[in-house]
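Have a look at these structures, which come just after this line.
Below, chain A partners chain B and then partners chain C, in two separate complexes.
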Partner chain A sequence: MSNVAGKAYGMNVLTPLRWWTALWQKLIFWVVVKTFPYFLKGLLTLSLIHYARWTIINRWSFPRLDKTQPKETLTYSYMLFESNFNGSWDQYIDSFSFAIPGGLDMFWRWNIKYPKSIPLHDFYHYIRFNQIECDHYYNAYPLASANDVKSAKRLTGNLRSFADSLTDNMTDEAFMDAYRQFLADNQHALGSMGDSPLMSTSHQLVQHHKQVNTAHEKQPEEEA
Partner chain B sequence: MNRPLDLDDIQGNICKGYGRYGFPKARYFFLQFHTPDQGRRCLHQLIPLITNAEPWAADGDSPLKPDVTTNIAFTYAGLEALGLPQRSLNGFPGEFRMGMKSRADILGDNGPSAPEHWDPVWQGEGIHAWVSINGRDMDAVETRFSVIRGIISDTGGVSIRPGHRGADNTLLPWQDASAVYENGKVTPKEHFGYVDGIGNPYFEGCGNDPSRLPGRGKLNKEGQWQPLATGEFILGHVDEAQEYPLAPEPHLLAHNGTFMVYRKLHENVTTFHHYVDSVAQDFDGSRELLMAKFSGRWPDNGAPLTLAPDDEAKAALDQQLASLTEKADKGDACAAAQLKALKDQWIDFTYADDKHGSRCPIGAHIRRANTRASLETQKGAFNTPSALDDRRRLLRRGLPYGGGQKEASDATEQGIIFMCLGASIERQFEFIQQQWINYSNDFHLGNDKDVLIGSNNGRLTDKHIIQTQPKSGKAPFFCSHLPRMVETRGGDYFFIPSITALNMIAQGIIDPT
Partner chain C sequence: MANTFGNSYGLTTLCPIINGRHNNTALDKITRRRIQLLKENSASPFARIPNTYFARLFILNDVFFEQGNDVARDHLKSKYLVFTSNFHGDLDTYLSGMWQHAEAEIRHIWQHAVAFNNVQNEKDFIAYIKKCQLTTSLFFNGSTDDTLQDQLKSLYIKQAFTEFALTHQGKTAAQLRAAFNQFIRQVDIHNPVSPAWSPGQETLSDLNPLQQR
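After this line comes the complex of A and B, so read on.
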């Protein structure tokens, strides 16, 4: 089990709602997203967030793995919050709560026992208490954060267009000017790629144990 | 709103950067308590020497500025050694309990900075307390030191831990620090040649002149400077998240105290100057401009790049400064006011007009260490413009050490005793060191690191980008293969108790029941 893969952290939080507020909240979400996108500006500007999604699950529509799985009778409807972000849990919750406390309260305000995002530690406890750990979490690009991927995509596209714009009969000076311009246009997409900073000393311990385990598993094979 | 602070209960180094008050010399040393009772007795004797944060009167009134100051702080092991109850000890934050060595991988203390290479004093256990003496001159420091040494030998059971590397590889039982002198005069410079010690936060109740607020506080919704909450820097007071910072019980143990990071940072001066010389050959600008593009401020007088982004602008600024100073010196009040307004811009700035980093590079040291609202890349996106910075500010209290040799080199002893204070070492110092100094995701610069203090290793990808003005026809400039300019030589995390808490610890009456 780990919520960490490469530079990413996966967070799932499932919080109860009264069924009638759930319906009401669905409507609010829809209106906000359609008519007041500036509510989301803060969220989009927090560049450590790759992805954040709030889903309302009515108490009668909880998914079942199979038709044979008995239906549950639930008292509450639920809100499922899923997020992928770059950085540690504390760093994420801190930034979230410092930067967009109003936005968070808007999403969670009708949830049972939601304490509001400020003061911070009540919010910490609320999220931790309702968080569901990832059983499996996969990251195809462990060395890249969402910002790195966005930069790389932009750079690749621009490099292709730049290459296409070059002509055989271009002078060296003209090429140099065009190349300088290309670098200037892409100066914000040229960071180095590298390992994730250590998310916590606990995660470091887990990684160390995994290495030890792998070495241990390999040994009998070598002996054989 | 916080009530006024009991400045006479708060240790003086929290509210005052002594360097700014004319104390260019310092000695730091570390105590080991061999038994709790002797440790407490020694502490009891030391308390009358401890300097509090009351403002010093200019003339006549008391308290007058002393010749020498003394402050004290404890590691987790030290508080244990003094016999604090377990329940109180349990309330201290995790990173403080672990200590700096265990946090090496978070701090980037690897390679030459790894703890096994630190000065001998940091090897093994037994660092319990940090004592600092700041003085107007070395005589004052020495006199105070011998008084303290007398107290220590009288009580017994307490020793000063030896093993600080000094000049010529000698090992000393203390760490001396001193402002850098040029032609016999104190300068505000550090050993790479930069003016330092300009930017420091302004917080509610700190006792500083309110004219120091602009550029040092936080920015509200209207873009005006306001003092940061006291609880960002002093425990037992409300912080920027409108709560009391995490602190041990009982309340009086933590109230008016704070945490301190102590780091001995060695400066590889030869490596630094060779790198600057070799890169300067290809750089479109002076050597000084290149140095400024590393730190964010001009080395000679600390002018920020936001104010003078190139050699031409710097020359004009210097000329303006010189002429205003000359007139002001002759008694021209108008020039004096203009000069003050100009000097205010040394600190009162943001990066709002420099989104691309063409003036101050996005990865420059001061832009990393204090982002000044620049993470709000879209206006109005956050609760306040500096929302992501206000909980990440550091009170810096360091001084340079070493130097003074004829020929300084990587092998000679010089650097900075970096000390910073705050209510949460993890949230403030460790976050900045890990996320902003040794990493750049928040700046969209991938894994690039700080030129001056990043844990760079001379690889192609260890680089710094000096951004250019878009559409200027100029390319950004790449400083690649950055070597390790600064190496960690030791340090730990300390708790600075209030005067009340010191007395309670000394009497052994800390009771969280």
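After this line comes the complex of A and C, so read on.
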């Protein structure tokens, strides 16, 4: 149970907005989708997000599956924001606020009590107050960042092409030159992966308990 | 409006939980406890479900926000099990894979969800999740939309080749060429299945077997 799975942090933020502004917000998202990548360029630049999404839940569209389930009677519609990113909560909020303040304001401007992304302190408070913790969070590659996934794809494609381009009649020296050129061209994709650095004292505590519990599980039964 | 981004899919669902109690414990609390006790990383049920990049579960108890005298106060009449997933491919295939690879966990987690007692098989489950689904308004993919297997193979190659480059500095041209040819054969570079990272893998792959083959 944690918002952290390896190098990824899972964030959930639920904020209210008036039902008619929710329709405007949907229109804004539609425009963003149609004009991509112009509006999302800032997000791409941040380069620390695996996947993120905004979902408008109209006040009348909370799922009701049976007549025995009470019908919701809400004043507001809601926006659920979810992100899977690398780094700590603070780093993420800072990056968002400094890199794309205009984009943030465009996405949240209709939300009740949204303080705007600058000054940062109020924005911090707003996100923290409206955040919901994950009860289970799964990441298929805990040891890798979003940049690792992207660079691994580039490296593997290039390595396949390089390996396929080699011929038997090539001299060893020609191979060496080509290999060095390959390394130089792909140096940005080379790098070690592994455990995430500890992001906070609570993260440190979780890791410590995991290690203790794992060691305990490995004890032979008679010693446990 | 935007559940997809290339070949990646962003699934968002809110599944209402029955307002009731079992042995004096509220059903939403029982559900939360079950979710919290799921094993993590490679032992998570999501590691068995094909093409899952990321997934999460949490309980939405109520709506809440900074209050003030100038705004109304909403409260939900049901609590919701929120299940969201980022995966490769189409929804039906993904949900089929979910049922086929984690039916026991699905039955355990969703046991107290409204109308889940009508779910008897894979087809029912797909229909059920679709009833709980909300359309994503804006979905952003900052990673790749390849199959998970391709992503995991690439990550393995990245780890292995970085190690190769480090450990083969200072070799003669002939030694390097022989070692490189052997490396390419051993990592089976065109085979997406093996050797590769496994879903949810928590430690780097042991490359020693690679050196000894």
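Keep in mind that, in the parts below, the second predicted complex is superposed on the first by the 199 of 224 C-alpha atoms of A that agree within 3 Å, B and C clash if a C-alpha of one lies under 4 Å from a C-alpha of the other, contacts with A are read in each partner's own complex, and residues count from 1 in each chain.
Please note the rule applied: contacts are C-beta pairs under 8 Å (C-beta built on N, C-alpha and C of every residue); 3 or more make two chains touch, one makes a residue touch a chain.
Small disclaimer: the values here were computed from a predicted structure and weren't measured.
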Chain B versus chain C as contact partner of A:Ser95, first or second or both or neither: first
Contacts of A:Gly87 with chain B and chain C, given as first, second, both or neither: first
First, second, both or neither for A:Thr21, with chain B first and chain C second: neither
Residue contacts on chain A - larger count, chain B or chain C: C
Which of chain B and chain C A:Ile49 touches, first, second, both or neither: second
Touching partner for A:Pro119 - first (chain B), second (chain C), both, neither: first
Chain B versus chain C as contact partner of A:Lys41, first or second or both or neither: first
Partner chain in contact with A:Arg160 - chain B first, chain C second, else both or neither: second
Which superposed partner A:Ala184 touches (first chain B, second chain C, both, neither): first
Common interface residues of chain A - those touching chain B in one complex and chain C in the other: 44, 47-48, 148, 151, 179, 183, 189-194
Chain B - residues contacting chain A, complex: 98, 102-103, 105-106, 240-243, 246, 356, 376-378, 380-383, 387-388, 390-391, 426-427, 431, 434-435, 438-448, 461-463, 465, 467-468, 470-476, 478
Touching residues on chain A, where the partner in the complex is chain B: 7, 38, 41-42, 44-45, 47-48, 86-87, 90-91, 94-95, 97-102, 118-121, 145, 147-148, 151, 177, 179-181, 183-185, 187-195, 197-198, 201, 204
Sites on chain A touched by chain C in the complex: 1-2, 5-6, 8, 10, 12, 14-16, 25-26, 29-30, 32-33, 40, 43-44, 46-57, 61-66, 68-76, 78-80, 82, 84, 107, 112-113, 126, 129-130, 132-144, 146, 148-153, 155-156, 159-160, 163, 166, 172-173, 175-176, 179, 183, 189-194
Of chain C, residues touching chain A in the complex: 1-2, 8, 10, 12-16, 18-19, 32, 35-36, 38, 40-41, 44, 46-47, 52-60, 63-66, 68, 71-72, 74, 76-78, 80, 82, 84, 86, 114-115, 131-132, 134-144, 146, 148, 150-155, 157-159, 161-162, 165, 172-174, 176-177, 180-181, 184, 189-190, 197, 199-204
